[in-house]
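You will see two complexes here that share chain A, one where it goes with chain B and one where it goes with chain C.
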Partner chain A sequence: MEKLLLTDETSMNQVFTEKDGYNHVSFLDAIDENDRVDGVAKVTGKAKYFAEYQLPGLTYGVLVTSTITKGKIVDIDTKAAKNAPGVLDVLSHMNKPAVAGYEQEGGSPMKIFYTDQIFYNGQPIALVVANTFERATYAASLVKVSYHKEAFNTDFKSSIKDEKVKKLQGQPPYKRGMEDAYKTAEVKVEQVYTMPVETHNPMELHGIIADWRTNDQVTVYAKTQGVKATQNTIANVFKIPVENIQVNSEFVGGGFGMALRTWPLEIATIMASKQLKKPVKLVITRDQMFTMVGNRPAAYQKIGLGATKEGKITGITHIAFGQSATYENFTEGVVNMTKFMYDSENVNTNYYVIPLDMGVPIWMRGPGEATGAFALESAIDEMAHALNMDPLDFRIKNDPEKDLAQNRPFSSKYIKEAYRLGAEQIGWKNRKMIPGSLIDGSWQVGYGVSIGVFNASRGRASVKGILKADGTLVLQSATSDIGPGTGTGMTLIASRLLNIPVDKIVFELGDSSLPPAPSQGGSATLSTVGSAVNDVCVSLKSTIAELAANSNMDAHAHFTEVLKKNNLPMIEVTKQSQANAEAKNYSMYSFSIHFVQVKVHQLTGVVKVSKVVSVGDSGKIVSPKTARSQMVGGAVGGIGMALMEEALLDNRYGRYINNNFADYHVPVHADVPEIDVIFIDKADPIINPMGAKGMGEIALIGFAGAVANAVFNATGKRIRSLPITPDKILQA
Partner chain B sequence: MDEIDSHAQGDTRRDFLKKTSLFTALSLTPVTILKAADQKVDERFAELFEKIPLNFTVNNKAYQLNVEPRVTLLDLLREELHLTGTKKGCDHGQCGACTVHVDGKRVNSCLSLAVMNEGRNITTIEGLAKGDELHPMQRAFIKHDGFQCGYCTPGQIMSAVACIREGHANSKEEIREYMSGNICRCGAYPHIVEAIQEVKEKGGTI
Partner chain C sequence: MINFQYLRTTAVKTALNLIVKDPKAVFIAGGTNLIDLMKRGVATPEKLIDINHLPLKDIELVNNVLQVGALTSNTALAEHITVKQQFPLLMLALQSGASAQLRNVATVGGNMMQRTRCGYFYDITMPCNKREPGSGCGAINGYNRMHAIFGTSESCIAVHPSDMCVALVALGAQVVILGHKGERKINFSDFHRLPGTTPETDNNLRKGELITKIQIPINGFNQNYHYLKVRDRSSYAFALVSVAAALIIKNGLISDARLAMGGVAHKPWRLTSSEDFLKGKAGTTANFEAAAQLAMKDAKSFGENDFKLKLAPNAIVEALTIAKSKS
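And then the complex of A and B:
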């Protein structure tokens, strides 16, 4: 590791002012060039999201959804709806609009309007299209559906122990050393941690505008985290060439994972446009956001943790159950972190999913790792308490030198520094070892810590760069920006490499006709697309140098002069970039340490997060301002996960009962304190030319554990079931 | 609707008109009406009888419109006036993304029927800047990075301006309380609060 430490200087180092070797990002340090490139568009209302494109003759779709949870549709009576003013058509499985890829019925994924089966309550079963939104909404209320109902199961909790309920292996079992070694340890913790369904609910409602103009050409305005993925899905479903499909998605009003696939409702809208030969817009309602566009699955996790009296971990067992759907399967990395995060010879994990009669889940920020981290990091805190050790000391004592699961070194890992910096900033020294002993008026005060970790990956992406004699640079890639500031990060990379001011650079994204890039997910965009931007800029630079040499110009001549001298209005280059071979020899992860101070009201049990310090160990920070925002956003999401978010299902009807923002609580202004963010800001020497690792997931992963641990420290009450609501505190 | 739709079902409008009591009340003979329907001028009748006149001002521009009484201010702004800076986040007054100023006061435009705004002055995010010169709140949001995806941003900014005008921005605590009707799922809250506090402290008319 020493050798790696020495190589952390990169070409971009000079850009950052470093205090004590670390980059503390605060408002005061904000420099204009770090402002979001799309800031003006976003604050003036000029940024156009998918539903805001004005197409001539635009029509409006409104969905009719299932009111039963399982069974078959017997009949859909659309007569009244079709007779309502302005209605153009009602699509359903009764009239099956032609879709080449759906000719063979059944199978997975679910084929909308090609099945009479009901798989979950709220499933879209018909689409009413009218010439105004109001007319479509009214007509949808006139559609009468009759069903043949069947018995269903949406009860996750009771299904875990019910042997009659099918369980699927979610990931192959993992074992290192002895199985269940914790059972024979000197000190052991054995507990169950649970989590409810959470919903992504980005502020922008999901939907699409489809404009099928000719027989085999379609343009869509989509809410997607991957324009190329959307393009491919449409090509597969409608069996038309990829190049005949144009996907536009310049601005996306949040995704958090829910826009990582093309949902049936989008296919339905495209079907309608094809059938009617008109542009059709569908924007679903907030309550529909709970049922048909995925969720973070409920989880039940058993952790067994064993340690010596001196505080050395000897065994970890992690058995997890997650919820899935009957018609499509979903699994995620719930037990991943347990395999390598702590220095234990003996580790075994297993992960099952239980198919229920509910809408299929999809990755939600931090995905399964955030679920797993809550359980593991709570158990680690419980063990520290059992050992009468400071949980920070216990973690540091069991911090592994290498990845024991893969038996290879980490590419970079500075979490001991991260622990130290965060502890200093939050005032960890004020934490009492004895829970419940720090009081501030009516409030009990506590401190908690937790770690978050997520795979730092780098995929394959292409970027085109056009360097013009007028001094501007255009960069193009079919990537997305759902909010982290992709365009801003890419612009900064290019600006530093080519020494061009950011206002002379345009980064174009969200357009499927641009050079291909993967979907924005798994914290990989900056690493993946940024590397291609890097390669393009390096190439442009060397082309300019060659041109300068050939025309006997000074090697330092400005590129505008070089291009003019050579009578070139522009030069362009496209580069595809992917991970280097060396990467295979390392385990690459981003880490976060979350420190939280909570106040728990002694009479009401209300928990307030009063102070947060999140430390990011995610390599070099390319865009300090937007990176800070991403960490802050993760902490806010973590407050929701820890204290509020719970999609409540009435298992008698299989229906959500709090499917709106008044009843499904997410953090609001009053719930969020000031949040300190510290970045280690040391380049990873392996992952990519920037030395930057992803951040989107680690911003949230582990946060809920830190809150739960702080609540224990404040009250002596260990809440193992999220969210930590006042009733649970009072009853504990 | 401005557009007359030629794809509408042939007898749809006939059926509808037969049932429309307005026509009965006005003593128009069914024959006249049905003839009108056959000639596809029924949409014009609809324009006359299903819609209500609305005169109001949006961003200093006067509008004389005919709107269906069930159209919300939000949908009118977005779908008919094409002022899409005002966002739809929930349609239930629970998220604040649709916040506009009605006669200077912040209002959830999804909870206001368009026709309730007769004679009123509406300001949307598009009307906040003076030409190319951003409003101080817009500048502060950029400076403090008070947003990520940007979808709740117009509502946050409209609400933030009103929050100061109301005199509810005297401390961070107060700002948080009086801004809690505007949800931001990306979690830009601390930065939004910083932005509002800065604009408030700089003083001046906003």
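And then the complex of A and C:
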């Protein structure tokens, strides 16, 4: 049987390696230790997501949302709803259940069910709980709300130039050298780049199951990127001890940043469970995913770029505006990369946010930088064109040797090599300098490149390791896996250090009772938690060596033998790990270079991304298969950002009009071409023991710029407003 | 969604009896659109009469006319040997619609009966004359990128979203309708209607009637044909503009032509004047462009959909060019 299986695998491997371009991660890699540790569970339905927990006596919540954009609730008539079959209760500010943290003054004004104020359209204002989901849904439709309406503003575009609309400083202004030096440059580019609201919309809908039991013991099954963060929020809001709160979130069906905070809808569900003394489940609807769990903010960016005729950048100005909310503020690093990405003496940036009557945004994959990179990298391409230079040569010529914003070296940076490898793989030599001059039948063909960058960080995390005499290792940490393959990466680190096969290692996560770890965000999990895994394994190794020496065993004796000889069923160790002091002397970033080939139909304006090569410069690659998956996923997200994603809000009503998966487009399989991923795979000597830097963000950052640049190369049309849809091509 | 009653029958007569006596009853076939409408509160039927088990799934060729049962799934129709051989234009149109999963359950009759995808129609808090007569049109001064450029009225600029219907109108199909008074037949091009002052009425099917069959005459449009669907992504997206084009070319001249568009009107939009223009002419780019310009007579856009004035003629030229090049 085993032999037969091996034959099958071998033949499949041949099929895959024969196909051009799959040479970097062959199918053989996909069947060895690089497999996702939870891959089988995920594809067989054994992986259990929050909404799948069936607690005894479970009840179901459905939210009622505001249909006005700003004002006050005058009344909520729940009579009909309460009389509907199976309904247990209707919660709202009219009967606000006691929440200790909300009784206090201050804090966010968006205390759910503690205010009659409407801050945006689609705001949750009541929760109907019934004994079935269908009954709760029906009863929710019977809730009648009357409002006092007020004038509102959701119009990001016209607010930018409207002096009456308040703008908040999103980040202190930054200046190096001369301000607006581009204005006096020999060659200059001055342009505005815009992008719309994007929504995270992972396949899994948001929600929570809350089970508030006697003695204020609470268990929740959550969709969260941080079980400890969720635990702390619940403790703060309900003023109960952290130890009383158990947060479970073993599997998460995609997050992209939206599960980085505990949303009011989750607090509402816990309130309901506390009030009803029953477990309550809330899963929001797809249209509610547009309004109550954040979004990538719309952005308006002005870039001024100056260069000498020889192609040396002399000045960069980047002024950005982002959309925010009136009841809470949200800022992100839109202008960050502009400060250090290119070798320019003169750089100035500024970033404002505009509070609008909309739901508050939240970080979305490649937060800030994905927005900023589209503008900066488009402008860089425009400048290369103005100089009649190959954009690759222009980038390389202006690649800085050190971080000029912090005046310190990069911990590691191999982007010149990345440019070279990617260019070779995509066939950059086939690119024409004159836009619109490469034709394939009815299609115009073009090539584009862009860089992506994101801070490579390392936080503080604890991991517990239990090494057992039966040859297995259990690792535990309250970290998360929203999809990148956390468990797989951690298992591989331990496997290599302790020389234990991956199938003998279990990595437990998504449980707030485990040793603390930060939320999964900002591409930091592998670096942060992986370092603690490293330290645990090093410690276990030395303990085993000590035990072996003490019991006169060979230094190379297997740990199972050593434990048995010492009559120990197991040894365990917990280690906390954090960044070393030396890290402060370096700028640590992960980099990506995206190369794309596009085809643009000459009559219909349809754009197809026909080839992708993404090169990752993110230190040592720990888990090749999941790393590649990250880059592929980022490219797919990048195609969406470049060509289709746009949440449309009608400013007359303050409501989204394409709030479903038929109308809010993300790429389908047919939109995704062959994606080739190349890793530089060189260890960063500073960041952590693995030499590995995060890559969840860089997979997406810069991608849309590469597409826009390729579209220009194909057609001579520069589209500065995402997404690049056929109408924009036709009208350009 | 409101509470509703669900009934199922295997007899056509019973189905008609059930619907005629109950004003709040509707038929449900594949349900791929109706269920969405019910979830959003746009449709609030109190009774669903499931017609999936009626004997209306046969496809047969009788006297050179293909008779298609109204409950044939979109997939079954696209894969039928006669459709592949005689009506490949219809096959292409069907395959470009929705997704494989939806096509497997969506029926021919249901495809005709599907409602517009206008965002204002789907949100019961926004104005929409089609959903709530007299409430106004949200799209006319709002997001109307997907909306109509032909046959619009002040009360509605919605489009019919089907691809299949565009091919059927081009192929000159007929619709067989059964009511309690008996059977009647109407031209496919007369089935759907323009919005006028009553946009709430999508088509000329009367209350209590059931579509039983579609009839498509074999007509020789199986050599030079193309269905071009221009959309925002490669699959599972409604048409910005679609074109069904078919030509019969004899001795280098076009002896007959069929042209229809989707995504441009409240109904599948047949371009008869362009067809007439092409007859007897050579299939040159200049002639295709002239035909496309003729098609654009009376086009009117509303801001966000201005691009359709350029896209539509371009798409006609492209579809005709591909159709011609197939021989």
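The criterion applied here is as follows: the second predicted complex is superposed on the first by the 697 of 732 C-alpha atoms of A that agree within 3 Å, B and C clash if a C-alpha of one lies under 4 Å from a C-alpha of the other, contacts with A are read in each partner's own complex, and residues count from 1 in each chain.
Keep this in mind: a contact is a pair of C-beta atoms (placed from the backbone, for glycine too) under 8 Å apart; a residue touches a chain by one contact, two chains touch by 3 or more.
Please read all numbers here as calculations on a predicted model, not as lab measurements.
Chemist: Quick one: classify A:Arg652 as touching chain B (first), chain C (second), both or neither.
Modeler: A:Arg652 sits against chain C, while chain B stays out of touch.
Chemist: Using the superposition described at the top, determine whether chain B or chain C touches more residues of chain A.
Modeler: Larger number of chain A residues touched: B.
Chemist: With the two structures laid over each other on chain A, which partner does A:Val636 touch: chain B (first), chain C (second), both, or neither?
Modeler: first
Chemist: Applying the document's definition of touch, where does A:Gly483 land relative to chain B and chain C: first, second, both, or neither?
Modeler: first
Chemist: On the A-aligned overlay, A:Val606 touches which partner chain: chain B = first, chain C = second, or both, or neither?
Modeler: second
Chemist: Identify the partner contact of A:Pro667: answer first if only chain B is touched, second if only chain C is, both if each is, neither if none is.
Modeler: After superposing on A, A:Pro667 lies in contact with both chain B and chain C.
Chemist: Could you tell me which stretches of chain A are touched by chain B in one complex and by chain C in the other?
Modeler: 134, 138, 660, 662, 667-670
Chemist: Taking the complex as given, what residues does chain B use to touch chain A?
Modeler: Within the complex, chain B touches chain A at residues 1, 3, 5, 7-9, 11-13, 15-16, 46, 68, 70-71, 75, 78-79, 82-92, 94-95, 97, 124-126, 128-129, 134, 138, 141-145, 147-154, 157, 172, 175-177, 179-194.
Chemist: Using the touch rule from the top, collect the residues of chain A that touch chain C in their complex.
Modeler: Of all residues in chain A, those touching chain C are 67, 134, 137-138, 141, 442, 601, 603-606, 608, 643-644, 648, 650, 652-653, 655, 657-658, 660, 662-663, 665, 667-671, 725-727, 730-731.
Chemist: Help me check something: in the complex, which residues belonging to chain A touch chain B?
Modeler: So the residues of chain A in touch with chain B come to 27, 30, 35-36, 38-49, 51-52, 54, 57, 82-88, 131-134, 138, 201-205, 251-256, 276, 278, 283, 285-286, 482-485, 625-626, 628-630, 632-637, 660-662, 666-670, 672-675.
Chemist: Given the complex with chain A, which residues does chain C contribute to the contact?
Modeler: 1-3, 41, 117, 119-120, 122-123, 125-126, 138, 141-143, 145, 228, 230-238, 240, 306-307, 310-311, 314-315, 317-318
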